[in-house]
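When the chains are written out, they are named A, B, C and D in that same order, and each has its own residue count from 1.
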Amino acid sequence: MTAVEEERVVPAVPETPPRAAGLIRTAWAFPQAKVGTVLAGVVVLVALLGPWLGPILTGHTTTDFAGKPFKPGGLMGTDGLGRDVLTRFLAGGTTLLLYAVLATALGIVLGALLGMIAGYGGGWLDSLLMRGNDVLLSFPQLVIALLAIAVIGPKGWLLVLVIGLTHAPRTARVARQATVSVRNHDYIRAAEMYAVPRGRILLREILPNITGPLMVELGLRLTYSIGYIASLSFLGLGIQPPAADWGLMINENRIALVVQPWGVLLPVVAIAVLAVGTNLVADSLASAAAGRTREDRG
Amino acid sequence: GSTVAAAVPSGPPRRGGTLRVGVTGGGASDTLDPHIPATNPDIARVLNLYEPLLLRDHDYRLQMLVAESLKSSPDARTWTAVLRQGIRFHDGRPVTPADVVATFRRITDPKDPKSGAAGLSMLGEVAATGDRTVEFRLTSPNSGFDDLLGQYSLGIVPADFDVKRPIGTGPFKAETFTAGLQSTFVRNEHYWRPGEPYLDRLSLINFADDDARINALLSSQVDAIDQVPVALVDVLRSDPRIQVLRSETGTWLPFTMRVDRPPFNDVRVRQALRLVVDREQMINQVLSGQGRVGNDLYAPFDPAYNRQLPQRKQNIAEAKRLLAEAGKPNLDIELVTAPIQAGAVEAAQVFQQQAKAAGVNVRIRKIDTTTFYGENYLSWDFAQDFWYTRNYLPQVASGALPKAPYNETHWNDPEFTGLVTRASATVDPKARTELLHRAQQIEYERGGLIVWGFVDQVDAYQSYVAGFVPDRTGISLSGYQFRQVWLGTAEGGAA
Amino acid sequence: MTRLILKRLLVSLVVLWLVTLLVFVATLLLPGDPARAILGQQATPERIAALQHQLHLDEPVWQRYLSWLGGLFTGDLGTSTSTQGPVTTLLADRVSASLVLLVLAAVIATPLGLAFGTWTAMRRGRAGDQVVSGVSLVIAALPEFVIGVALIVLFATTVFRVLPSVTLTPPGEAVWAQPSQLVLPVLTLVLVVTPYITRMMRATMSEVLDSGYVEMARLKGMRERTVLLRHALPHAVGPVAQVVAIQLAWLAGGVVVVEFLFRYPGIGQALIDAVGKRDVAVVQAVTLLIAAVYIVVNLLADVIGILADPQLRTEALR
Amino acid sequence: MTTAMTKALEVTGLAVRTTAGRPVLRSVSYEIAPGEVLALVGESGSGKTTAGLAALGHFRRGLASGGGQVVLHPRDGEPVDILTLDDAARRQLRGNAVAYIPQDPALSLNPALRVGRQIAEVLETHGYAGAAGERVAEVLAEVGLPSDEAYQRRYPHQLSGGQQQRVGIAMAFACRPSVVVLDEPTTGLDVKTQALVLETVRQLTSEHGVAALYITHDLAVVAQLADRVAVMYQGDLVECGVADDVLRRPKHAYTKRLLAAVPDLGAEPAAAPPPDDAVIAARDIRMSYGQHKVLRGIDLAVTRGESVMLLGESGSGKTTLSQCIAGLNRGFTGTVALEGTPLAPAARQRSTDELRRIQYVFQSPFSSLNPRKTIAQSIEVPLVRLTSLSRTERRKRVAETLDRVRLRPDLANRLPDQLSGGERQRAAIARALVTTPDVLVCDEVTSALDVSVQATIVELLGELRRELGMAMLFVTHNIALAPEVADRIAVLRGGEIVEEGAVEAVLNSPSHEYTSELLATTPRL
């Protein structure tokens, strides 16, 4: 799933685009938004409190040895180095979450900026930016990551940068499309008539009116970032040992799936639940942005 | 051990059948060239296609193969090999001294030196001196030259050898070969050992991924696999369909400290870091107990291995004292690691954890294998390496002399070098052992290696496969010697 | 219309050229010496120098780019540094192996997704829709290796031991000679791709089914099936072509993880291997190949979109 | 059987509600005789379309029947209550016995099918007895369209709006239904096309004795076409009767309001202001979009305090011209002068004072206000950009202006989508007035609004002009507004001013044939 995405229902921008606040309120009316929030919320809580809770609950730190490797000591057994799986699991979500959030933020900000400039600027600027976008898009995300990590090494900032950058062209498309659909609205022309500076038009007139699609995009990108970082760790290219990290844990403990499944199951379930949760929220945002109300569905 | 004893084939070996072996590693660079094997599948292929003049056997003793005998002159400057009577290449041609001469010319070709060339730097000339005799004339005396010749990468090939027609004297002939994927072999009917090999056909399959290899074994897609991850040994042992082959080896995964770079140029720092290591814990955590502790010395199977030196144990207080004395109470060092071998990255992490106790902060820098062996290989300040079983002098020649090709620690100790040079020229075993013990003591006291243990080799095969025996060389699956392997009934029962 | 298509074609060519430039530069940045990478621990300075010369690594960069670009036109993708043979021979079998995987996945997932999508769009809000939509939403969120590992546990190693978990292909034999080993990789890809097609199809069809002309067709008294086949489905052609294109393009790049997991001898594995080995020519070839697939497939989708839209199609008539 | 002949459709106690339970129609009853046209009028959202579709036994997604009867008397057959039938039987009647003509033909014709095919489809679906091809040609001719093969092979997008609507009508009449439901079939068409369509409808219904339910909110159209009128208000039929009666003697308050809002051509024109020299003057304005010449040399001047109506059909270039004046178009030639000083073409190049003095009100209030800004914020923009007032002064000015356009102060902090269309347009006008301009350009400020709201805006503009004494260019396609808002009329056609003169003169003795045609076709009460 690292890259399957733009086909996501890009909501047709309705007559009056939903406000971010209004959008969230509408989205909240969908049951799946509540389920999604609860699922994602639980995982986020675990990720945030885990590093602090772990040692209290299990009496082990993430790096000391609780027993021999892959033995059923403690609650959830030990990992490939004999460290306590539960402690590492509890501590392992923070980085994933942090990187995913940072990468998403980077991608959205960059993409929205590019898309808005292209969409509002139009003409050759639009063509230039969007063709450049096409070039980036035609590189599979994973290949970019593979190359970048081979060049520079698996650094945290690089993961954020690479994932953020690969999100940017995809977000830019959405932002551009949304911008184009509001660009010709008279209120933009009115602002032009009052000689409002272009930068201000972008930020004050256009941006608030494309928050709907951008919110949806944000939700989706977050889901993809989570899966993406996990996938990179699975290939051994993500977060590096001895850090406790869910993606890495799967990679380290995958081999003993039959003997000590917890080392894989806990993070897999956490990632799956988090991804499903964010996806549910993103989906309800998309539905809300597309203007479907609950009543309509029922 | 397994609780349910599987029915293991017994009785006389049966001929026939195909053995499918899952081998770790390999890739697009795979080759059939006898003289540049790099990966495990390369080594496995080379060992079954070609034979050197002599080679280490399962017990790490030299065993004559293409040569019938190898004798040194008293000054250890001239070595004479007599070729085995009646030995033939795959195409039926007999092996002649000219072939041997050509083989060594190919290996030491200055324009394209092969892997084995580095170890043969003292080789001056190879000359055919009779129907079956070849003379190796050395530029400097070397009493361990037989050991240097006993390498799998020195396989004897015909004078007109072409890698497109990979002909040697090994038990199997090449049939097909796809780089990175798979190669198949058929029985060599001209093989000199009577009756061997038992198999009709051998198929070596590359596996990049541990999981895939294990899964292939469990789903019976292969008959044997090498390098079982230590964590899974218990699982496989409990499966009645599977036999686990565990071999004690002299394979070691040292930490390498550059003795010419701070902070490791201070011998107290090196000693402190050696004292920081809890070797038992290393064996337990990294190898799941599948190994033996080391004493910062290598070559444990060498008759000259110095067993009198006391076993070094973790001693945090002493380490702290040494560090304080060296003026580095809060040492902060970077350890470069890479997945160069199973357990390497894990050992780095355990070391990091252990070093904490002595107030040493170890930062792990994990890079990929290619980068590790890239431009900076042999110049990392603090890193790891990996060696198969070797005897002392060849290992010193490879890694502990100022001019050695793999001197990771930049070890350059005149006293040590003097002792080793004298020992190389000494033919009397007792006198030589004496010199070597002293050399080892120097390394034990001031060397740049932390040899925390020796890794057991664990392989696995289906219960219906017979003929695998433990092998000390460190090379998997009885040193990939499939000539002795045979298949019982596929149901896992014995005849 | 022809002008439109020609213009689109031209843009694609320019993009493709830019991609070659980018691919080349990106691979240049790969650290480490391929010669060292090939030789591994066995590298000696003499052997490295010999190999470097042999691989033309000592020529200036622009010369290497031009000769590489020139080679592309003649179907010569360069020499693999690790096999020291032509990249084309190295990749030929792998490309067809990957294609088998992709085509099978696409051939199964596309109709499945379209059918599910249409079906759920027609019964929006009902139980069937909610189940299919829910399940596809959940599956769509899962990273592909999670799906793959789950399938392996389920069907190969732990629960049922009915299917091979890895692909073993004897040389000279095609991957499809033993169809059972294709099942799990293909299934994984199908599970990854189908939810997206389903969801997109559902959205497209919902929109079309809510449109004025479909309502009008109903008001004309036409049967629901005729309405669907004649009035609704043709409008999904354009958008669906887009989705399928994106899925195909994704598959081309996304097989990497799946091929790695199932040890499938395709281009994805070749890529990982080549990046590790610094086999620049292979990295360039595979990346370019994947990018080209993306560009071509998108071009096709756009052309189909143009052809399916009577407004654009009849442009030439006016 | 005699009763059957006097009624083609009989609706009693029809109720419709949303699936969530909210009532949309409460209890609607009406009947239509063959050949009769019943006009169903009512404000937007009152349930007209819902009632119309119920006559075909169809409810949009999210709506469901809440009881009542819809009895259809097919030309040859027993009367049936369509609501009691199953899907298949309903399908049998739809398009055959009862047909529907949608509001927007552009959305209702399938863009991917040729128009001939779409008409033939109805015939095939209902097993038309004769040769379908002939009937298609025949019905196309009946609605006044070419019936040749080439025309039938066109796609909807290759037809004009009026032609599309007539194809829709042809489709409805193809099977010779006994009842047709026409849902505002002329909204969005210009007056001339509207007249043509209305003529077609009248002819077809009377010739073939078809009962027509004609949905509209334009009472002028009703006066021309309908035999009887039914008025809907919030899901109820509040008034129903003979057209003349209802229009002359409305009973329900809503009907009265509707009627009062209809502009009247016969009204007294406003008094002509004292002549003065031109405050804004356009000289030889030419502009084209690619090959398409939209303006072909326009000269137009407005003097201080004067109001000029720029009249023209859709696409004649009205918006283009007014935006040239406002500085919103770049690529035109010719000059726009403010009190004799030529202005730069683009707003960005004009000085703040010039910008301040010319203000433009956009056609649609639904898109001219940023949906994310409160009304006050939007109105404040020109003050921030074009004046140097302090924050408090600006606030004060905004409040004053809101008051001037009769907007309650508490609306100031609302977002546009919390206002009605009329209120929004007032806000947009307030934004234009806040800098006290000398020239106000109003681009069809009423056309996006409901009739009843239209009137109040026109009235407001008249008052403001008198109060503030500014010059006004009032752009419209509705000649009926002329007497109320303008001193002078300029008629724009095909990018040229074809006639110009005082309102009275033009209305009473138009010199250009287009103007006379317009006057003739404009429906009146």
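Miscellaneous remarks
Operating definition for what follows: a residue touches a chain if its C-beta (ideal position, glycine included) is under 8 Å from a C-beta of that chain, and two chains touch if they have at least 3 such contacts.
What you see is a predicted model, and the numbers here were worked out from it, not measured in a lab.
Comparing chain pairs B-C and A-D, the larger number of C-beta contacts belongs to B-C.
Separating the CA-averaged centres of chain B and chain C is a span of 42 Å.
Remark: chain A and chain D have CA centroids separated by 46 Å (rounded to whole angstrom). Centre-to-centre separation of chain A and chain B, using mean CA positions: 46 Å. Rounded to a whole number, the gap between the C-alpha centres of chain B and chain D is 89 angstrom. Annotation for chain B: residues 368, 371 touch two or more other chains. Counting partner chains per residue, chain A shows two or more touched chains at residues 150, 254, 257-258, 298.
In chain C, 31, 157, 260, 276, 278 are the positions where the chain touches two or more neighbouring chains simultaneously. Under the contact rule stated at the top, the pairs of chains that touch are A-B, A-C, A-D, B-C, C-D. In the complex of the two chains, the chain A residues touching chain B come out as 63-65, 68-70, 80-82, 150, 153-154, 236, 240-242, 254-259.
If you check the complex, the residues on chain C that touch chain A are 11, 14-16, 18-19, 22, 26-27, 29-31, 124-125, 134, 137-138, 140-146, 149, 153, 157-158, 192-193, 196-197, 199-200, 203, 207, 242-243, 246-247, 249-250, 252-254, 256-257, 260, 271-272, 275-276, 278, 283, 286-287, 290-291, 294-295. Contact residues of chain A toward chain C in the complex are 1-9, 12, 32, 131-132, 134-135, 137-143, 146-147, 150-151, 223, 226-228, 230-231, 234-235, 250, 254, 257-258, 264, 268, 271-272, 275-276, 278-280, 283, 290, 297-298. Residues of chain D that touch chain C in their complex: 53, 56, 58, 60-61, 90-96, 99-100, 102, 104, 107-113, 121-122, 125-126, 155, 157-158, 171. If you check the complex, the residues on chain D that touch chain A are 18-20, 61-62, 326-328, 347-348, 350, 352, 355, 360, 362-364, 366-373, 378, 381-382, 385-386, 415-417, 431.
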